[in-house]
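Both complexes shown next keep subunit A, but they swap its partner, so subunit B is in the first and subunit C is in the second.
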Partner chain A sequence: MKYLINIDHRIIYILVIISITLPLIAPLNLPVDASEEVTKIYQKIDSLMPGDTVLLLISYAAQNEVEMKSQSDSVISHLFSKEGIKIVSAALVESGNIYLNQYMSSYASEYQKEAGRDFVNLGFVYGGEVAVANLANDIHQAAPADSDGNLLADLEMMKNIKDGSDFDLVINFGATQLWSIVRYITDVYNVDLVSGIEAVFAIRFLPYYVSGQLDGYLNGLVGAAGYESLIGIRGPASKHMDPLSSSSMLIIVLIIVGNISYLVEKRQKFSDRSAR
Partner chain B sequence: MAGTWIAAICTLGLMSFVIKDSPLYRLAEYTFLAVGTAYSFVLSLERLNPVIITPIKQGKYTIFIPVALGLLLYSRFFRGKQWLMGFPISVTIGVGLGLSLKGIVSSEIVKQLSDTYTSIGSLEGVLIFVGVICVILFFYFSRSNTGANPPVLAVARKIGRVFLMIAFGCMFSNVILSRMTLLLGRIKFLLGDWLNII
Partner chain C sequence: MNRNNLFLGITVIITLTTLVAGFFDLSIFNTISANLVNWSVVIGLVALATAIISLMRMHVKRIMTRRREWFYSLYFIVVFTAVCSIGLIYSSRGQPFMYVVNNILVPLSTTIYSLLGLWMATAAYRAFRVRSIDSTILLVTGIIVLLGSTSFGAAISPVFARITIFIRLIPTTAASRGILISGGLGAIALGIRILLGVERGHIPGQSK
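What follows is the complex of A and B.
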């Protein structure tokens, strides 16, 4: 038991790496289901009608690419497949701009959407919380031109989109500015909000979901896999569920073993003391 | 190809920290910081056009006020003029605080509180209500000097501790999930994009 308590941490790292690597080489194809909060996002996007406007925000950084890109890919692909939707997009963190440009260019060509008519990419909007407040109050002032340098005032699509009240749905990816979006856009203008959230932050936003301030959310890679199941694809997130499940099982086993070892050693110490 | 190799070497360098601190780890760490800083700097320069130059061309000269405040931040490089830096900092803090207070009161206090008692009709609502009250009482540290604390406070604290432990357990499980995802991404990159095994 003493050995188990004092086990070299490098052995645990190796076990974790093996538990992730094996299912990647030999996939188990475990079934994936969508939870209630994931289904609500799907329903919100699916119920959008031609002419509806959507504010799409990216506020995650490069280090969370694995979980957040899987989420964004499936949700934005579903969004672009809807006919007649007007999308205004912006990145709220620097590296989010890289992903935003990728999504806008690749899905625009895949679904034959035209910049300035079907969507406007504002690029990276500086200022964090202040930037979100500015976008909510006056988009034309917060970002006078799109990422290509075209003035918003000259774009036909932006003539009737001035502030937060002109949106039917806000879709956000990343927890960094989610608080600000709730405070300055969706609560103030009573707009629906759905969000993809990094698993590490998901629990913090549960009160917002329960209170109805957040209409649906994707919890890390698990949420992304659930969304993939709803749109009928077995994408990267679904494939990642095998290694994620096996590594989680390993952690559960290690926690149980660690606790049993601790309790056994505690009992031994107690019996040794009483024997003396 | 070269990009994949550099990324793979940096990944292995960062992972080597679990064995011990090494020059390869330092190299990968500084490379990451340098690339991130350079990218932010370039992005900042690109935003000068839509945020400053375009409004000036449109005749919106009020933009000079925030520009001047921003430039005052550089006064720290001039001996004897550092005090000028206080103006932009005070404006930034003032605006930030003002915005936060406005948003926090309505979204994070009023709405959260009202939902706590309006959803009390369901079992979930009752649990949330009891949890909120007991956790708040858990952090109530002003005890009576005479030692006579009402027993209900002690019971509420015990219940509050249970709710806190459940919440911490949920957070911990999500942290593990998130960290495993990060590792999974790197292993997939090494095996797939770099070594082409999967």
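What follows is the complex of A and C.
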């Protein structure tokens, strides 16, 4: 039992790696369900009408690509599939701009959307919280030109989009500036807000969801998989749910084994002491 | 007026101007506040440039004096210069820069981040022990939330998902709210202390 209590951490590492690798080689195809907060995002996007305007913000770093890209891909693809929606997009962190450019160019060509008419990509807006406040107060001043250098004043789509009050929905990915978005845009102008959040930060935003300030959220990879199930695809997030589930089960088994060995050891010590 | 009082005066005027603009719709205060907020963006950019110069100076000095593990400094300068040059020459949307991002930055970042999973597994094995009533509650809650968050849990029984939702929405939200409100009250208290000149950490030479 002592061996189990003081098991070498490298053995645990190997077990975790095996538990992740095996389901990738031989998929279990476990069922994936969408939770209530995920369904609410789907409903918000699905109920958008032609002419509605959406502010799309990206604020996540490269290390969260696996979970955040899965979320963004399914939500943005659903958003672009809606007819007549006007999208204004911006990145609030440096690396977010890389992903934003990828999404805007790939989905624009897939759904035949035209830059300047159906969407405007503002690129990276520097300043963190200040950038969010500026976007909320006056978009034309916060980012006078789009990422291709076209002046917003010259774009037909931007004629009636001036500040936070002109949006019907804000979609954000990444926890970095979510507080600022609530403080400066959605609470001030009473705009709906949905967000994809990295799993490690999701717990911090529960009070905002419960209070209704956040209308729906995607919790890491689980949320992304749920959204994929709603739009009817088995994408990367759904496929990654198998290794996520198997490694979580391994952790549960390890906790149970660790506790059994701990209790047996404790009992043995107690009986040894009583025998003396 | 000595230097410290001058800094304090500037702090008080700027803070009050921004506060008034936040609570009252007065155009003059709104304009001044918007300009002050924009200054912070400009100052941030200047600080970034200063930080790069400072970082370069530090690493060049380490190489020149052949300090211990100086080759890491050389490696940093080479990589920094290479990536910056690629970005400046081909733009941050160009193919070469995207190659660096997709084949170096993303795999390295995700690999480092993924290591957390291994540490968490060993930490869970060693720390989650039924030593007391408190730790037992933590252990049981942890297992239920783990089961409720994965497909396995849902496959075993829908009860796990329901309990997980309850744990998230009621006790976790209550605790998170407590932390958020405490943080907010702390920020207000700190603001008042700065306005009254009690807190002078931001004034040069007064940080201790």
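One rule holds for everything that comes next: the second predicted complex is superposed on the first by the 268 of 276 C-alpha atoms of A that agree within 3 Å, B and C clash if a C-alpha of one lies under 4 Å from a C-alpha of the other, contacts with A are read in each partner's own complex, and residues count from 1 in each chain.
Convention: a residue touches a chain if its C-beta (ideal position, glycine included) is under 8 Å from a C-beta of that chain, and two chains touch if they have at least 3 such contacts.
Computed from a predicted structure; not experimentally measured.
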- [ ] Could you say whether A:Pro31 touches subunit B, subunit C, both of them, or neither, answering first, second, both or neither?
- [x] second
- [ ] Identify the partner contact of A:Tyr126: answer first if only subunit B is touched, second if only subunit C is, both if each is, neither if none is.
- [x] both
- [ ] Tell me which partner A:Leu244 touches in the superposition: subunit B (first), subunit C (second), both or neither.
- [x] both
TODO: In the overlay, answer first, second, both or neither for which of subunit B and subunit C A:Asp187 touches.
DONE: first
- [ ] With the two complexes superposed on chain A, say which partner A:Leu254 touches: subunit B (first), subunit C (second), both, or neither.
- [x] second
TODO: Could you tell me if A:Gln268 is touching subunit B, subunit C, both of them or neither one (first, second, both, neither)?
DONE: neither
Open item on the list: Quick check on the superposed pair: does A:Ala145 touch subunit B, subunit C, both, or neither? Answer first, second, both or neither.
Closed with: first
TODO: Look at A:Tyr13 in the shared chain and tell me whether it touches subunit B only, subunit C only, both, or neither; answer first, second, both or neither.
DONE: both
- [ ] Considering only touches as defined above, state whether A:Asn101 meets subunit B (first), subunit C (second), both or neither.
- [x] second
- [ ] Could you tell me which stretches of subunit A are touched by subunit B in one complex and by subunit C in the other?
- [x] 9, 13, 16-17, 63-66, 95, 97, 126, 130, 133, 203-204, 207, 210, 222, 244, 247-248, 251
Open item on the list: Quick check: in the complex, which residue numbers of subunit C touch subunit A?
Closed with: 34, 37-38, 40-41, 44-45, 92-93, 98, 101, 105-106, 109-110, 112-113, 117-118, 120-122, 124-126, 128-130, 139, 142-143, 146-147, 149-152, 154-155, 161, 165, 168-169, 172-173, 176-177, 180
- [ ] Could you pull out which subunit B residues touch subunit A in their complex?
- [x] 18-19, 36, 39-40, 43-44, 47, 49-51, 54-55, 58, 95-96, 99-100, 102-104, 106-108, 111-112, 115, 119, 124, 128, 167, 170-171, 174-185, 187-188, 191, 197-198
- [ ] Write out the stretch or stretches of subunit A touching subunit B in their complex.
- [x] 9-10, 13, 16-17, 20-21, 24-25, 63-67, 94-95, 97, 123-124, 126, 129-130, 133, 143-146, 149, 151, 179-180, 182-184, 187, 198-204, 207, 210-213, 219-222, 240, 243-244, 247-248, 251
Open item on the list: Which stretch or stretches of subunit A touch subunit C in the complex?
Closed with: 7, 9, 12-13, 15-17, 30-33, 35-36, 61-66, 95, 97-98, 101, 126-127, 130-131, 133-134, 137, 147, 203-204, 206-207, 210, 222, 241-242, 244-252, 254-255, 257-259, 262-263
